[in-house]
Amino acid sequence: MKLKFGMVGGAGGGISPMHMRGATIDFMAELTAGCFSRNPEKGRKQAEEWGVRDVSRVYADYRTMAEEEGKKTGEDRLDFVVIVTPNDTHYAIAKAFLEQDFPLVCDKPLALTVEESEELARIARERDLPFAVTYTYSGYAMIRQAREMIEHGDIGDITYINAEYPQEWLANALVQTDSANAMWRLDPKRAGNSQATADIGTHIEYLVKAATGLSPERVLAKFDHIPETLEMESNTTILCQYPNNVTGLLWASQVAIGHECDLRLRVFGTKGAIEWQHQDANRLKVTKLGGPVQYYSADSPYNYSESVRLSRTNPGHPEGLFEAFGNIYRSFMEILKARKEGREPESFTYPTVEDGVNGVKFVQACVKSNAGGSIWVDVE
Amino acid sequence: MKLKFGMVGGAGGGISPMHMRGATIDFMAELTAGCFSRNPEKGRKQAEEWGVRDVSRVYADYRTMAEEEGKKTGEDRLDFVVIVTPNDTHYAIAKAFLEQDFPLVCDKPLALTVEESEELARIARERDLPFAVTYTYSGYAMIRQAREMIEHGDIGDITYINAEYPQEWLANALVQTDSANAMWRLDPKRAGNSQATADIGTHIEYLVKAATGLSPERVLAKFDHIPETLEMESNTTILCQYPNNVTGLLWASQVAIGHECDLRLRVFGTKGAIEWQHQDANRLKVTKLGGPVQYYSADSPYNYSESVRLSRTNPGHPEGLFEAFGNIYRSFMEILKARKEGREPESFTYPTVEDGVNGVKFVQACVKSNAGGSIWVDVE
Amino acid sequence: MKLKFGMVGGAGGGISPMHMRGATIDFMAELTAGCFSRNPEKGRKQAEEWGVRDVSRVYADYRTMAEEEGKKTGEDRLDFVVIVTPNDTHYAIAKAFLEQDFPLVCDKPLALTVEESEELARIARERDLPFAVTYTYSGYAMIRQAREMIEHGDIGDITYINAEYPQEWLANALVQTDSANAMWRLDPKRAGNSQATADIGTHIEYLVKAATGLSPERVLAKFDHIPETLEMESNTTILCQYPNNVTGLLWASQVAIGHECDLRLRVFGTKGAIEWQHQDANRLKVTKLGGPVQYYSADSPYNYSESVRLSRTNPGHPEGLFEAFGNIYRSFMEILKARKEGREPESFTYPTVEDGVNGVKFVQACVKSNAGGSIWVDVE
Amino acid sequence: MKLKFGMVGGAGGGISPMHMRGATIDFMAELTAGCFSRNPEKGRKQAEEWGVRDVSRVYADYRTMAEEEGKKTGEDRLDFVVIVTPNDTHYAIAKAFLEQDFPLVCDKPLALTVEESEELARIARERDLPFAVTYTYSGYAMIRQAREMIEHGDIGDITYINAEYPQEWLANALVQTDSANAMWRLDPKRAGNSQATADIGTHIEYLVKAATGLSPERVLAKFDHIPETLEMESNTTILCQYPNNVTGLLWASQVAIGHECDLRLRVFGTKGAIEWQHQDANRLKVTKLGGPVQYYSADSPYNYSESVRLSRTNPGHPEGLFEAFGNIYRSFMEILKARKEGREPESFTYPTVEDGVNGVKFVQACVKSNAGGSIWVDVE
């Protein structure tokens, strides 16, 4: 029996089809209700496109949806709700659905302030509601392989972390007429008090967490406004202090010409090192101390089973961004299914609401560090 | 309104989930009927997993399905049927559904003999039924970009073609206990009189066609049985003569250790050259005479629109095999939708039943050439 | 007529054969005198191996050599002297030869203190003596291509710089018995008060200068002792402020497993970006705003002539480290030749004694920044 | 004591500086005599540039040089002679010097006919004269590593060989005014009856031999004249039958736009595979059955000592074409030195006159196969 889910947001957005594909790629769930637009006509069209059968479950405002869906029980009840609205609305919407006891999937960032994000986490914790925040890139099978290798001690103790996420789109957008997308993100009212750090720096921060289990204790950030006329930073360089005095270096840019979505992670240890690049997402570079460079390929039998089960094809057949989304959804839904069936879930992991809170804290610490002239600032 | 489709085969198979994902990734179609297994219990389970709502449309044999579904009309009628059964059954099943006037999607190879494949093509032609054969790799957006560039003369006249598809899985399978998959393919009764050539050589042959529009007029083949104990070839080297005396070189192997699914295509012209590699599927290497090597990235504005519309994300976000399947399905379904809506379809392309026939002819010509000691043999 | 040169140091060293190859690869100079070792027997053997004809010009101490060679004139006089002794001896030796009016080539670092290095620069300036400091990697033809492109405005105004030099050798050396080389570098008495920053961080600093013309005004450094037992840093992360508020990020490591000599430079501008990697030294990644990634290949006609003349073979034939050394030597010697022949030299560039001074200042500023807890420190 | 060598040819040529660098890069030999040009003035200038001290040993014709140098003995006698003249003169010159008992280094091809090349081999054999033919690419350290791995059984029994050498220069040259180099090679009178096969196909043929020890027993070739107006082939595709029924596939092209000197070798075995690419000359891709892809790096301790001793720097510092030349020269000269010193030489290998004979035979068999319509032709 497929799980049932609802969605808030989606009509006309670029991110909602990714969520739809992520939620359905493994045939585990079907879209059953939604508030896709405040415009009823647009909402109905979206519902039809995505195959929502019962039009009475298509709403024009999220509060009504939360209330009405909250009343349903048994077979009719939604198993979870997905929030894909603009960043500044996540908090209110998430809160409304948590209060109706729905497990949630929410796009990142979880909220614009630490207080709001902590409140959401508190409610979810109190009501014991699974809550995934879609740090997409953490869904790749080889990131899970990295995590398993590190946990098994395959590269020894971590000594240094270097991660980056250079993009070029903003440099292009600023010289193009069609820069609506750029403009939305450049508006502090919609996006918060940080741009590159909040938008993609936080992806790096969580990718490090997903691969290593580590979160920074202190940060030292330098923001660059490129071009100078931007209100918020488009380029950010961050030194991190991780537990055990491990230094990390994070760099994110939206004006790095020559790079598209070139997320790259390197973790060095006393016995070896791993490297993952988004451009080559289905492989992991692994080097053992004194040995040659190796490339582990997804789904290969020498990988840990936790990684292998996140692959859907044979080694060498590429899986991409939608499949990474799918892995977050699958892991989240496996928990829900196990609960419904009254059994222990297998060890699936996904980015949780706590990770979402950490992300917001991380960004705010970076903002504070930069404002102070690149000084060390504690996270929290 | 979504298109409705049925499926023959699928339960327990490795290829059917790919077809399911390909058919549904763009929210254009829903699975409505099927004969997933001769075992009714297995069939029902598969139907449930994939969300077939009406259990009366789940069948245990394909003949009944063809008959019963053939009677349906209007909203109830399936828009197309997908065939994902073992190779030696394609012919009979396809014929049964064509005779009920269903457009088809069939896995490759279309059939085991030239005669059978030609008969299918004839029926489809006479009844004007769209018929796609899933040469998967041709679905990548950058293959379409290659085709457009070549058609627009961007690399001048084609001078030489070099394409290869090395895999290593059989070398691994032969030393593993779990080699059921290998064994199926190694059995001439199920797989026909060729293995590497029919299984993956034909993928290369069509990839060349998809990118260049060219089919070989003559072939010269050398088959290798590695290890010697194999009944059929696991490695095949083929010289092709294309129109205008263009030489092509194709190599396919299932025992090429160090290669997973490393399909690679190089087309050289008088003014430039293009290269595509499956490992880097979202980019196309493009070199203009006298200029530096360039890498075109999928979805970028400098690509032809026919390629751009086959991308679903932003440049730099990888799309993989399922999305390539999705592009074949989408292009096929766009034709069906346009017909239903009584309008001209846009210029979408997909591998057709004629391409399927050519594939079978190509394999048989290679078999004959090899048997003759690597002599030139006309295709057809 | 070949130039004549002398050498101080060399017997048994790993770096001296590189200098020998660099000096002679273009048939422009011959080794004529030297003080290769304090051990006369070793010195003679080295002289014989390298083909010094006149044994009376082989010395056992550099002071005698400076004095005796300083007396020679005309055809007999050395055109320049090369210093390849341990770091802590550069100052005294260089001073001795400068005072005899010899142009010099000295290994980096120029000296261990700012004062000493500035004194050398002053003497060279006062006596108008060409003085090269061998920041080897700056010699690659594609670094010169980068410089020309930037000077010609091909990538617009520089916006951000990211450069790194990760190595793994120290991680390996620390677990091996044969770690004499490591140990020498780990001794503050021989190496000064910095290890990774002075040894390889300074290579990055100058590579940026060679490619962009920019030197940092302020630095903020974080040193890591990996493993903790090391007296000096083996890993260093440095934020730089370049002129016009351009931020730069430099990372150097000697314990980055999986990296050999993976120097990498990325310079971003308002109109484009360039990237150079040591692993692929004969190519330059060039991206123009809105265009595809391109790879410029050394010696190709689309490169600037200043780059092309630093290549010795056809495009595609790799040149390596010795040839990079050779380019520094050639550019230095072209100046000497032009002076001898009383003509204006062509526009050859090489790292000068001033660059050597800057390198020492840079390292000392980093040491100070790190000691202060990663604070901004002015360079100078 | 350095070895002494003479050279025939060189003035104005592009290949002679490579030989000079190869011969002298390890400080083992010095140029002592030569016939650099038939023009005495040019010859003298070349002699001066290269530092020949005794002008009486600079000749304007090779016969005089052979005679005069042949009379010298003891310390004065040349240890070997290098021939770098156009292809059609190799035979006569080599013969003249062999008859004076000089060991030789000769550029490839050894001669234009099988008969001539066999005669040279016979004389060298009878007189026991070491004779190297500079198949340059075989000199890379990682080709030697490949050979050692194969000989030690690291990849099991060889099953298939795929090698290629695509270049683009001719495509460029044909549209450029400065095509003297192209034209020389396109003239059958100077170049023999084959162009791409003789010029670069033979490099592939020997590279396979150097790495595997195997030479083809039969060939089947297809020549392409691209453009059609060329008198000789610019593109060649060759099937080879190696001992033990191993199939090999060789492709060479001078009109493959997008490729510079992209020599690539793949050898597959029952237990693993190796791959070497000229663009990445200091690494070897090694895959063991069932394991991940690995990249062995030159000079690393896990390589065989025969490979390590052909590296001059640390792992990660690239060595290029001149160093590959140097390795052939060094291996050749080590034999000469050992003979002079009356000791057994270490196991150095270099391409010999017998390999040169094989190269000529290979080309002639390909010419015959192509003329017959791509039929199998025995080599010899």
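Per-chain numbering from 1; labels A, B, C and D assigned in written order.
Operating definition for what follows: contacts are C-beta pairs under 8 Å (C-beta built on N, C-alpha and C of every residue); 3 or more make two chains touch, one makes a residue touch a chain.
Computed from a predicted structure; not experimentally measured.
Of all chains, D has its CA centroid at the greatest distance from the CA centroid of chain A. The interface with the greater number of C-beta contacts, when C-D is set against A-D, is C-D. Our note on geometry: chain C versus chain D, Cα centroid distance of 34 Å, whole angstroms. If each chain is reduced to the centroid of its CA atoms, chain B and chain D end up 44 Å from each other.
Inter-chain spacing, taken between the CA centroids of chain A and chain D, is 55 Å.
Across the assembly, chain C contributes residues 286, 290, 293, 297 that each touch 2 or more other chains. The touching residues of chain A, counted against chain B in their complex, run 1-2, 14, 17-18, 20-21, 24-25, 27, 30, 48-51, 167, 169, 259-262, 278-281, 297, 312-323.
Against chain C, in their complex, chain B makes its touches with residues 286, 290-297, 300-302.
Taken in their complex, chain D has these residues touching chain B: 155, 159-160, 162, 164, 168, 171-172, 175, 220, 222, 224, 226-227, 235, 237, 239, 247, 249, 251, 253, 255-258, 266, 268-270, 272-275, 285, 287-290, 293, 373-374, 376.
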